[in-house]
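Note that chain A is present in both complexes that follow, paired respectively with chain B and with chain C.
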Partner chain A sequence: MTTATHRRVDRPGGVWALPALVLFGLFALLPMLLVGYLSLTAWNGLGNPSFIGMANWTRLFTDPAMLDSLRLSVLLTVLSWVIQTPISLLLGVWAAGRQRNRAVLSAIFFLPLLLSSAAIAVLWRALLDPNFGLAATLGPLVGFADGNIAGTPTGALLCVAFVASWQFIPLHTLFYQSGARQIPESLYEAALIDGASRVQQFRHITLPQLRNTIVSSSVLMVVGALTFFDTVLILTNGGPGTATYIVPFRMYTTAFRSYDYGYASAIAFALVLVATAISLLLVRVSGFARMRSTREGM
Partner chain B sequence: MPALTPTRATPEAGARPSEPRRPGRTRARGRRGRPNVLAGLAALVWLVIVAVPLYSMVTSTLRRTEDYLDAGPLDLPTAPTFENYLSVVDKGFVQALINTVLVTVATVALVLVVAVPAGFAVVRSRSRLASTGFRLFLLGLAIPAQATIVPVYLMITRLSLYDSLLAVVLPTAAFALPVAVLILSSAMRDVSEEVYEAMALDGASTTRVLFGLVVPLSRAGITTVGIYTALQAWNGFLFPLVLTQSEDKRVLTLALWEFRSQFGVNVPGLLAAVVLSGLPIFVAYLFARRALVNGLMGVGGK
Partner chain C sequence: MFKSLGRRGAVGATMVALLTALVGCGTTGPQGGAPDDGSVHVWVLEDDKMNAAQQQAADEFNKNSSVKVVIDRFSPDSYPDKLRVAMGSPNAPDVFFNWGGGSIKSYVQAGTLVDLTPTLDAKPQLKQAFLPAVLEAGGLDGKYYGIPLRGMQPVVLFYNRDVFANAGVQPPQSWNDLLSLIDTFKSRGITPFALGGATAWTELMWVEYLVDRYGGAEVFDRIVHGDQSAWRDPSVLQAAQTVQDLVDRGAFGTNFASVDYNSHAASTLLARGNAAMHLMGSWEYANQLQDDPDFARTKLGYTTFPGIEGGKGDPANLVGNPTNYFSVSAQSKNKDTAIAFLDQMATDSYVTKLLQAGDVPTTTSAQDRLGQSDNPEFATFQYNLVQRAPEFTQSWDQALDPNIGQAVITAIQQLFNKQLTPEQFVQTVEQAR
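Up next is the complex of A and B:
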């Protein structure tokens, strides 16, 4: 190497990151800090917030309505995971293979991803209409003689979980598909020589190899379900009664329908804590962090 | 494996699902010999679950309301009509479309203008500001936009931006930044030191290094960020819901929600609005499938 190549390369200063940091700090980090502060105040949107200490937090832990929302959120999260994970996993592994027509089918599977949450919720609200929708035709087949699937508390929550799955399974299928494509071919060849059946191959090669994808996809599903909002507002508006008043929806109504911004902030802050704790726990329990970056799938 | 590095949204890793027919991809996929009957069956069941609602949606929009109410959502349109699409246009769809396009373009422009130099600084700068900043962005991945809506509303009203499109653009861009900086910095990291040295030999300034070297070499990452951000802005619901009010500031997602009450029993009209709202993304999908999939995989972050 000549001495010329050792000439110092100009490096950008930290200032280059400043505009992004300012925008991000102002409209994402500062609001997060403000949520913490507002959770210690009483404020109805008029005048200034007044400091009331831990009152909102005490209320949060004793409010029966809040407890009910928490129960519904946990239920929805579990339901979403239980529906989405096996289906996405199967479809993703299948789509990574080389069946005939696979490309065409995968393209159709992909279509729900092109619609916004609002569009999907509006579509399903029409389809679930007990008088004129698909539900009127199909409801009797699944035990709802009057077709009013979304009219019962349990049915409504199931509908929300179903619509969420309809919307997000294609995305998770993509994750599993690209995960499955990275499994070394030699593993299957070796298994074939050993005479392993397809189920054995799936259990002993595919599943363990997809572990990281399963963890990252699960984290996204759990956080997604805990912060699920648009669909509930449009599809059920929390109803019937309060049957689908999941935590983010209660936060929204507390703030923008009851104008209780302080209490809403406490709910929001608790939501962030719970979502972060669950993601960290999932990552820790699975030993995921030790193996590779936790940012996979982002 | 290269794809195990921080982002799945890099073109190498993310492009795979969308590129089923690329030569070389076909290597030994028929590895397990017999066709997988069980998975194939599951795929068929899922096909029905996805296709029937979409079929019902599209055919319904071509029917008269009376026919829809009489014959149900699965009947074929006997005399196709486009009156539903016309009624959607009558109800202010075009204004909402323009607003959404404005919000999307402004958000993408803002994110690229600030995130490209930020990604560059994260990769190349030795200053503490850049490394601390990067950690802050990583932290930001964990903040759900929903949780900050009350203070964002408070700040927007205090800044007198309430009920403007800018009010939607600012927080939408801010919440797209963590993923954007992450994707960009990992794309820019691939630029080798030798090329920098060659540029330095030519006496290039830092600005020229960025625009003459780093930006062209990380085009794929920039495209991914652009599409990811565009999808976030296009599909955004909560920020417009809370931060705007009047009809002339309404974006598409909000308009759909409003249409639901306006159209009443005119379900075909409402579904025509849903179809029209998805059409631009569908066209983008037809022309830039791979890029769109990469952008969507970026969506995984939120």
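Up next is the complex of A and C:
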């Protein structure tokens, strides 16, 4: 009895993975396989898909519009990372402390996390109205005299990056807060004795100790930005023109506005491959895969 | 032993819960589809006044029918793709709202619509109840697929009477009038034309009228019948150049690209007098009536889009949506009931409801009853426009195949925003597939 229990603790039976595997298989793997098949067909949603071989994929690699979408997606990803990481890192480390009012202010900072993406996008869309919205007042202060921020290609992309950051910084702040709370107090006490300043403490203790948190937060940000969609649909609708036609949005319009499900499936499948490859690459390059603990003494 | 049993029990319970969830999905059906409950499901767009009229029609029909009609309402934004998915599945609606033309073309080609020609031949009173041109626009290749369900929706030029009176000017009669009005209003700090440029189809209306006035209705008629080379007609390039000329003159102000029509931002500009005119579908009257009844009834003016000197198009030509239609799905299990329900669209009580909602019905009986409208003057104006129009071009985004239509309105937005030159615009739309 004792040995049997012991063996189970070491290596739980495969049946435990079943619920998760069934769900994953049914709602992730199966649709992915179907999309892979659809990408080899021409289908307008009615009748049966007709097999056309690699035609959609050839088109994917020669489509100049697709290249433009890819450029925008990469740009948005870089923008999101550059805006979100420093802010959530600093906020998170601050929120991990014991300052006065910290709890109240943190609660306020986390508010956007509680709103749905659609609600956030609708809210910002109203605020960006150049005549009656916040953009009419704030636009002139940031170089848009007529409030036409969302109406210019650069402005619209910045708006999307800004709204996405506004929405997701709280989540990443939460990661950094819990990460920073894990750092042993004794490290800071030792640094204090050595006469390290607060900036030095941050650079030489906090940052290295948060290394794994930075990697996981970054993977989430990058994959999230690559597959970002709902805010673009509601906030800019891909516009002005095609200025915010990022890859997932192009996939959506191809499928649900042009009814070209075959080509849209090829875009979707390529997106899955690229996002997976990038997250694997990030994990490998950062050494995260080895999962060594950064905590002192562990 | 006890422990492992407990575990097995937990796994079992999880599996049961999972299976129940899956089976549950299967029996109730996805939310978007029409459940197979033995009734006739009619899909319509969300619109309070119209839904009330449709519900009344359903109630009246249900009094004498064993198979009941149910009205299902959908948000306009996601309606076309919901419909597409449902029509490709076994849960298709029995009767559904559409725009005729390109919006039903692929359904007709896939054989998923009921040909209503025999029905209309068998019921001459129903066929004669509607204006022939409008009934024809709901069909394809000489066959009828749709019965008109709403009023006519020509695009007209709305204006703010107060703003015009203050400036001491009259609505434009000619293209030169229009150009001089732009300067007049600009010098008074008023945007000449409200334009919801964040919503591409509002800009499409300008291009539709300009191509018509320069080249006549036959240019787009060739395009819609698959002649992509018709985009090379000089009128298309002229229209594109005129668009950028208007933008350069400040006809739409400077920040139109981020004005959202759907949130009524453009309509509010006109109502508040920040803008003098607004080119929009006739449904704009109902919008203004809802937002500001006083403005809509007394200060909202309307006129036709002016002709262009030297252009081939008749200034009486119209663009817009002839109306919306109900079509019947070939998969419907209650086809006879579904078709019978369409008779309701021609009844006196339904026409009355439409008139009260501010619509001008496309029935032949409407002419004598315009007095019952919420605004008889505007109703008569619209009715006469449509009656006298030599050509009524359907909105391009509804008339064209969805993939081409999508590419064209995106290019039009880029043209207005100067992301494309007029020459590049012509090249882009010609290559749209």
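In this text, the second predicted complex is superposed on the first by the 266 of 298 C-alpha atoms of A that agree within 3 Å, B and C clash if a C-alpha of one lies under 4 Å from a C-alpha of the other, contacts with A are read in each partner's own complex, and residues count from 1 in each chain.
Keep this in mind: a residue touches a chain if its C-beta (ideal position, glycine included) is under 8 Å from a C-beta of that chain, and two chains touch if they have at least 3 such contacts.
Since this is a predicted model, take the numbers as computed values, not measurements.
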Partner chain(s) touched by A:F132 [first = chain B, second = chain C, both, neither]: both
Which superposed partner A:W16 touches (first chain B, second chain C, both, neither): both
Partner chain(s) touched by A:S258 [first = chain B, second = chain C, both, neither]: second
First (chain B), second (chain C), both or neither touched by A:G147: second
Superposition-derived comparison: chain B or chain C, residues of chain A touched: B
Partner chain in contact with A:L46 - chain B first, chain C second, else both or neither: second
First, second, both or neither for A:L157, with chain B first and chain C second: neither
Which of chain B and chain C A:G239 touches, first, second, both or neither: second
Contacts on chain A seen with chain B and repeated with chain C across the two complexes: 5, 15-16, 18-19, 23, 125-126, 129, 132, 256
Complex interface listing, chain A residues touching chain B: 4-5, 7-21, 23-32, 34-35, 38, 87, 90-91, 93-99, 102-103, 105-106, 108-119, 122-127, 129, 132-134, 136-137, 166, 169-171, 174-175, 177-178, 181-182, 185, 188-189, 192, 198, 201, 216, 220, 223, 226-227, 229-230, 233-234, 248, 251-252, 255-256, 261, 264-265, 268-269, 271-272, 275-276, 279, 292-293, 295-298
Residues on chain A engaged by chain C in the complex (per definition of touch): 1, 5, 15-16, 18-19, 22-23, 44-47, 125-126, 128-132, 135, 146-153, 236-243, 253, 256-260
Touch list for chain C against partner chain A, complex: 1, 3, 11, 14-15, 18, 80-81, 84-85, 87-88, 106-107, 110, 112, 197-200, 253-260, 263, 265, 268-269, 274, 402-403, 406-407, 410, 413-414, 417, 419-420
